Structures are given as C-alpha cells and as structure tokens.
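Handing you a structure now.
The first chain written gets the first letter, and so on, giving A, B, C and D; residue counts start at 1 in each chain.
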Amino acid sequence: MNKQKSTAILLMHCPDQPGIIAMVTNFINVNRGNIIYLDQHVDLEQNVFFMRIEWELQDFTIPRNKIKEYFETLYASKYQIYFRLYFNDYKPKMAIFVSKISHCIYDLLARYAMGEWNVNIPLIISNHPDLEPVAERFYIPFHLHPITKENKHEQEKAELTLLQEYEVDFIVLARYMQVITENMINKYPNRIINIHHSFLPAFVGAKPYHAAFERGVKLIGATSHYVTTDLDAGPIIEQDIARISHKDTVETLIHKGQDLEKIVLSRAVEKHIQRKILTYKNKTVVFN
Amino acid sequence: MNKQKSTAILLMHCPDQPGIIAMVTNFINVNRGNIIYLDQHVDLEQNVFFMRIEWELQDFTIPRNKIKEYFETLYASKYQIYFRLYFNDYKPKMAIFVSKISHCIYDLLARYAMGEWNVNIPLIISNHPDLEPVAERFYIPFHLHPITKENKHEQEKAELTLLQEYEVDFIVLARYMQVITENMINKYPNRIINIHHSFLPAFVGAKPYHAAFERGVKLIGATSHYVTTDLDAGPIIEQDIARISHKDTVETLIHKGQDLEKIVLSRAVEKHIQRKILTYKNKTVVFN
Amino acid sequence: MNKQKSTAILLMHCPDQPGIIAMVTNFINVNRGNIIYLDQHVDLEQNVFFMRIEWELQDFTIPRNKIKEYFETLYASKYQIYFRLYFNDYKPKMAIFVSKISHCIYDLLARYAMGEWNVNIPLIISNHPDLEPVAERFYIPFHLHPITKENKHEQEKAELTLLQEYEVDFIVLARYMQVITENMINKYPNRIINIHHSFLPAFVGAKPYHAAFERGVKLIGATSHYVTTDLDAGPIIEQDIARISHKDTVETLIHKGQDLEKIVLSRAVEKHIQRKILTYKNKTVVFN
Amino acid sequence: MNKQKSTAILLMHCPDQPGIIAMVTNFINVNRGNIIYLDQHVDLEQNVFFMRIEWELQDFTIPRNKIKEYFETLYASKYQIYFRLYFNDYKPKMAIFVSKISHCIYDLLARYAMGEWNVNIPLIISNHPDLEPVAERFYIPFHLHPITKENKHEQEKAELTLLQEYEVDFIVLARYMQVITENMINKYPNRIINIHHSFLPAFVGAKPYHAAFERGVKLIGATSHYVTTDLDAGPIIEQDIARISHKDTVETLIHKGQDLEKIVLSRAVEKHIQRKILTYKNKTVVFN
C-alpha cells in the first residue's frame, strides 16, 4: 500500500510481435530502472499484446518528464504501441456521483477515510439532496444538481465545469440514477465507472432485481463497467454473484444485492486507481 | 442414501391459509405416521403455500394405496391443494438424451454406477452414434435416432414409444443438441431437465460461450431448468458460475464450463429424484 | 425491513417428539395469531427439534406480556422446551468494541446510518483512541478504556457497568484486539459476536494471515462466531472465503481479507438482530 | 487442447535479478522460437523469480535434444537457475492409486476417455479389489496390492517395480486410503498428487467430515497437494469449498464433499499435466 519509492507505470498494447517484452524490459534495464511488476497478455485471436510494467525511478537515468517522449520516439511510433504512463506518487482525483441510495458511497468513503487507496475525492455530485449528510460526515464538498428533462443539458454543463475546476481524473457512479449523456462520456472515455445491479448482460436497464425475481434465477449478480454511449454495455471490469433461493422476495434480493454492489464497485475502483486496467474493443484486460 | 424404511413424500401447494401446516401434520400424526422431514415456504406476494413433508409408513394406519384418495377427499378438494404423492421405495426411471459431447453423461452415469441416486436408467437416446461406447461401458441400451429436418416428427414419435415401453418417468437432456418439440414436452411437463451452458437469461440459444467471450464477461455460468415450449426459458432449478479472465479464450471457456455444466445438471437431477422440487408459474421451489 | 405490524418471534428447541409443530402452530392459530414465518430443523443425531416461528400480534388474544408465561405453563414445562420470545418492535441495543482497525466498524455503522437494521448502537468501547473520529462521524458516544495487563480486570468492570447503564443486549467485537475474560463472557452468553480473520478452525489465534501465507493456502477465510471461554472455538455463525494465489503477499492477504471480514461479521450481526440464530452445544442453527 | 505444433515448455526459478526476462526471451527469440506463453512471478519476500515460458519449435534453430544442455551452459549455471524442460508432444504417464471410493477415479477416467488431457494412464493400483470393474470399463490394467501392516514394505516395493516398468511419470492418489512411505515419496518428489477431503490445514488426518460436523463449520472444503513425508502438509495446489448449513449431517457432508473432491483433484492433475506448477519451499506457483 504505502510505497515509499517513486515508480513509473506503463500500460500498453500493440500488435503482437516477437521480442516486444525483451525490448521494453531492456529499455528499462539499460536505463537502470528496477522492474518491480510485469504482467502481460497476448490476445491470440486479435493478435494484440498487452502489458503492464512498473519500475522504480530512483536510479532511472531518463528524467521522469522525458520518459513519455523517449518511449514514444524510440518504440511507440515504430511498433504501433498505444500506451499510457503514470507515476505512483501522483494521486488521481475521483468524483463520485450519487442519487439517494448510500451503501456504495459509504463503502467508497470508508476506504477513502482509511487511506486504503491512493486517491483524492475532491467532490460529490448528486441530483438529490438526500446524501448531503453522508458527504458532510466525510468532509467532502457536496454539489447538488437536480436534474429534470428540461435542465439536463444545462446541469451536465455545470457539472463538467466543476469537474474541470477540481481537475477530476475519473468519475464513479455510485448508484447514480441518471443516464450520462454522450457529451460527458466523451470527455471521460473509459474513465467513468458504473455499478449495475445485475449480472450483465442479463437484466439490462431499470429494475433488474424485479426482473431477476420474475425470471426465478438462483443467483443474483452485480457488474461494474466503464460507461459508454450504449446503456449498460460498456467494457466489464468486475462481476460477482450471490446465491438466492425461492425464499427470497424482491426486497431481500435488493438487500442482499447491496453487499455485492458495493464490493464489486470498490474492486473496480481499486483496479482503476492502481492502473491495472487496459481497455480494448469494449473489453478489459485487468491485471492482478 | 440407503433409507431402509419406507416413506411417503407429499409435495403440495395451495392458497395460503391459517392452520394449513397444523392440519397436514395432524393428519399424519393422528394416523401414526412419523414425520422425518418437513419444509415449507410461503410466497407472500402470490399468497401461495408450498410444503414438502415426508413420513415413515411403518405404523401409518392408512394403507399406502389409499393415502392419495384420502388426502384428496379430506383436504385437497376442500383447500384447493395441488399435490403429488411419492414413495421412497419406488425407483423412478430416467432416460438420458445425448448428442456428441460426453462430460455430462459421464457424470450422470458415474453417479448411477456408484448407486448414488435412487434411480434407474433404462435407456439412452441419441441423435448421433458417437456416444454409444459410453453407454456400453455402463451397460445401458443405446438407441440411435438420427434427426433431420424431414424425419424429426417421426423420430420423436418413435422416441415417445420407446419412453412409454420403458415406463420412463423423466428425461435428462445431457447436452442434447436438438430442440424438443411441443408434443414431447407436453407429455413430460416439468419432467424434462435440460442444462444450458450459460447463466440464463444471459446468452439464450446457440453458442453461449462465444457470446460470453464477445461480451467480455468476468464470470461464466450454467443453468439447469425444466424444458418448456419457450426455448431456454423454463423454470430454473439450479445455476452456478466460474470466474474467468481476459486470459481465457473461447476454447478455455468451453473447457472450464464443462465442469460447471455437469455439476449443475447433476444437482438438478438429484433434487428431482429426491422429490424436492415444486414448480409454480415458471419458477421452482427447491427444498434443501 | 420496515414491518409496520407488531410480531412475536419464538425461538425454541426441545427433545424431538411427534406433533410438536402441530401443537405450537395450533397454539398460535386458535388464539388468532397470523403466522408469517415458520422454519424448523430436526437434528436426528441428537434428537433435538429447533424452530423459529413469527406471528402477527394484531388479533392475538393473549396479551403480549402474558405470552411467555402461557407458553411456559402450557407447553414449555411439559415438553422440556427451551425458548426465547422476542417482539419485533423492540430495538435491541448493540455495543461495538474496537481497537485500531476500522473496516468492520465502518461497515456496521454505515448500515446503522442507513437504517438497514432494527438496532440501536448506544456506545462504542475501545482500548485505543484511534477510532474516536469514526465514532464522532456517526454521533455515537466513544468510551476509551486502555487496557494493560495490570488494569484489565478493573477496566472490564468499568465496561460492564457502562454496558448495564446503556442496557446493552449484545456486543460486537469489530476487530477488537483483546481477549474477553470469562466474567464478561458469562454475563453475555451467546451474545458476544466476534470476527476471526481466518477460516476456523484453521489458523486459530494471532496473525492468521501470516500463518495462511506460510502454509501456502489457495483460499483465505473469515469466521464470525459467538465468544466462549475457549479462544476462537465458540459456535460458528457464518464463514466465507476468497480465492488467492501465489502472487499474494501477507499485505495483499490482509487487504483482501478486510472485505471478507466486514461482510461475514455484518451477516452474523444481521442474523442475530433478526433473531434467527439458535445455539446448541457449541453449534448454531441459523434460519434463512 | 489439440496443439498441432510442437512446443518446448521451460519452468524455472532463480534468485531475482534485473534483466532475467529479457535474457530468456532473447535466447528464444534470437534462435527463432515463437513464444506463445509467458507468465512470471517474483516472490519479493524471498527474492525469487519464477517463470513459465512456452515456444514453438518449428523454426527454432537449436535441436530439441540440445536445448537443455545449451540453456544449462549459457544461463542456468551462471544465474543459479533451477529449471525443467518439457515438450508438449510427449504424453506423460500417470498412475492412479485407489481404494474403495470411486467418485474421483470416475472423474479422472471420464476426462481421460474424452481425451481432455495430454496424458496416458497405463495402470491403476489398488489395495482393495472393489474398483476393478471401474478399471475394466475404461480398459486400464488394474493391479491389486492388498496392504497389511506386515506386507506394506514389500507391497510398495512391488508397486515401485510396476511404476518403473510402466515408466510412470507421476502418481494420483484418488482417495487412496493408505499413507505412502518415505521411500516412494522420495522416488516421486512433487510428483504424487493427493486429494484431502478438508480445507487444509483444518482437519488434518482421518475423518475430516466428522470433525467438520463436530466443529459446526458453515463451509466444507477439499485440498489437492503434493505428497511429502509430512502427512497432509505438502505444497497445496488447489482448494475449493462448498456452503453447508445446520441441516447437513455427516452423511450429507460426505455426499456434498464428493463433488468438491473430484473437481479439486482434477484441476490439480490438469495443471500438473500442463506443466503449470512450480514448487518452492513447500508452496506452489500455479500459472494460469
């Protein structure tokens, strides 16, 4: 958790080709970076190579503000590498969107208060006033943007201004009961994490527990995913299920589902903060 | 497993009403039946009462061939009770339908050979010759009924004749790759058990693992259910899932799914044999 | 969750005997109680019958303050029934004991703040000052009782006085890092719930994650149980596990275990609050 | 499953050092091996590097019978690399030891008959005659070696002779109810796979389900591990659990445990056959 040493994290994918691991590890080694994490994956069907590599910067001979440029020039442009570079000593800023239901936001904020994650939460945005007391308990600014059909466009614009002011890096929808519009999604591609209270792709849309009850399933699920313009159809990050039985009612499904939802959402947020997720064609690679 | 004592098993449902448990347990007690199992469930939404009750017949004063009549006259007709009565010393007869894939049938036949279940398997029916050697290994008659678009009706008729000759009580589709027609389904209502290789209602129909791979889910599932005339939409008996990751291909999903499928199917068959399943409006009550 | 109607809940066990369900349900029915829950269990080995039964008091003809006496006189004394009677409109009072680690207490208090449970939490007791800010966030009195070898007896006495003043019904040890002495345990028999961070009986005692790591297990667990005078050996209420791998370190085990611990503890607390647990000879019957 | 192309598989561990991945991948690349699998792990505590790497031999310029020697000379001796080299077109030979219980052996033989694994099973050894019919069903020689206190040494000697004759590579104890002696264990180090019917290290030794029932656990488990001279204490390969309740008896635990046991054993055997397991100081690294 508390890494004292500064590290660089490289997330990349490119067309698979012989020697790619050797090339990248060599780049780091000869410049005296000490690799502390390497995980890679080859999608043999699509012929794509994915890698996450992390190394200590202490003795690294390339200045940190030049690494991106060097890697771009020396490798990325040549080998069609798509990559992102992060530093572990930068704390990403996360905004939380909520409505009225609080189990997910409590779970997120408890972890935040415990210092479990390398993240800052500068603000909470809501379309309802109900959870302002929760925000207050954790001393986080709460911004109320009630949304109607008429003002939706305008309110999202105000929200986007806020997100820019606070320099927000990514957004977590903690049971936020509004559809995000294309405009906002495009500003935060693969950076808006949602929790859907079903085992997607089963029970897309509203009232999934009612639908699960109607169908008589024996397991309920929860799914965290990146938001895309297709409703509940973005890249899945994490899923889990709980066993139910004929004794359950819609009410007990909703109740049992809450623990699923909060854990599945928090696992996704953690992986995102740890820079362990790569997306490719509506699917995710989630490193351990 | 090896119950020496003969018992009667009553599975029933009726409109919920005060005193129904007392009434039925009293009926058994005053006639000197020793209750060894009682489980019940009230669906408060539909206002329906479900119960499974099992009692030893040793000192029961009503002759076993009269129990059905007495219960019908004294209670069922008065209280709108739908019920079925079974005796544990009758071994139900189960037919298995297969095509080419053998992991499910091996699991069923191994349990059969071990004497794990109170069941007889008088025959195996297949539309392909591939698994005849498996049937032979377990000394079970194998009937080949290759099915084409043209002969489907005729072949099913022949199969129905066979099932009647063998006095089959219920049918297990162990990865049988043919849609059963309405005619056969109606002859065996809630008595044809299928295994579908997905977490229903996700990925209905053909090639669910391909669909799961395409969608990028993080869990795969299997679902056993009673066959109805709606494809993959009958009452669900049992479901389970396995965790997968970005490292999985369609091939490894198919491979990992096989263990799920066979276990989920066998659990359903066991519950059916144990007379622990009640169906009501496309849903099941599965007692422990 | 929000039951408007007042109900009585009877938890009982007795030597198994014919007609016991009929007798109790009849007692409630003839006195015009509407049974809304009945679950029972027979331990055939020990020949003990267990039951939880709940009924609406609205039209019940026995006054609520007389039910216990009547049941005692009419049935319990005759049939050696051990029973406890609860009313759903009484909110039990729960004390939380903590030390320095906060994931469990956050989970409990979030549920409390959401009104998820029918419970009051009048106080938090700790042997360390660290979590006072957490208590403050939820406006719950925090009592600091630092414990040394010398003052342990005295401090527990002070704690017991506090518990009596607040009329505490049961205690939850939310990762409280002190062994409770016999004196306190005897005052709250089967009413002190602990969470142990292993899959008991594996890794009893201190540092179970270190022990799990050493042994190279592939799953870690958490166990909630009632505290008895045998360390980590009381009746188990709930357990769950999480999959780990060779990639995990002691630190990641501790981290992954926290979600297990909080969920497993909260499930146990919920069952206790719902009066769904009976204990018998160091084991629990936990009704659904 | 059906890899047409011949590959070499290198399993290795060594003291962790910069550039080790680059060095090994470079060795394969410059000699024109096409890497199709690479997974590695660094144990930061012990400072040990583990890797599994697999490459196609088609264009590999080092003859397959020279690879071991070259790797030894060029790298292993210099960098203290412990390694094993396998070829995917060699079918390892697996002996199965059984006693009287057949669920595990049925599961293994069904997979064998389906051609699920790249393995040969030239013989089955048993200390009881009960399962000879199972062996016959799958046309596998069955060798009966009844064991008494007196003849144990002698019988194991005869078994070892058999194993050598059949050129057995590894042994699977499919609920074999005899302790293997040190002599045989030393002949097959990390090559004897056992299934223990508990969640180790809980309930070591005989009758674990009875012990689990006594303790009142809410989950039962199964553990596959390599056999060492410490009873039930060898390196764990795989574990899994199933949920139970107060309704379960010792008999139903045994029954429910059988599905666990067979699946957990077969998963371990599969990983072993796929050359995905490295052992180090009584722990395993199991690659995906």
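Simple rule for what comes next: a contact is a pair of C-beta atoms (placed from the backbone, for glycine too) under 8 Å apart; a residue touches a chain by one contact, two chains touch by 3 or more.
The model shown is predicted, which means the values in this text are computed figures rather than measured ones.
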| item | value |
| --- | --- |
| More contacts between chains, A-B or B-C | A-B |
| Taking each chain's C-alpha mean as its centre, the one farthest from subunit A | B |
| Same vs different contact residues, subunit B with subunit D, by half of numbers used | same |
| Gap in Å, rounded to a whole number, between the CA centres of subunit C and subunit B | 38 |
| Distance between the centres, which are taken as Cα means, of subunit B and subunit A, whole angstrom | 42 |
| Subunit C residues counted as touching two or more neighbouring chains | 44, 245, 247 |
| Touching residues (chain side subunit C, partner subunit A) in the complex | 1, 102-103, 106-107, 110, 113-114, 116, 134, 137-138, 245, 247, 251, 255, 259, 263, 266, 288 |
| Subunit A partner contacts - residues on subunit B that touch it in the complex | 41, 43-45, 50, 199-203, 215-219, 221, 235-241, 245-247, 249, 282-286 |
| Contacting residues of subunit C [partner subunit B, same complex] | 18-19, 21-22, 25-26, 29, 34-36, 38, 40, 42, 44, 243 |
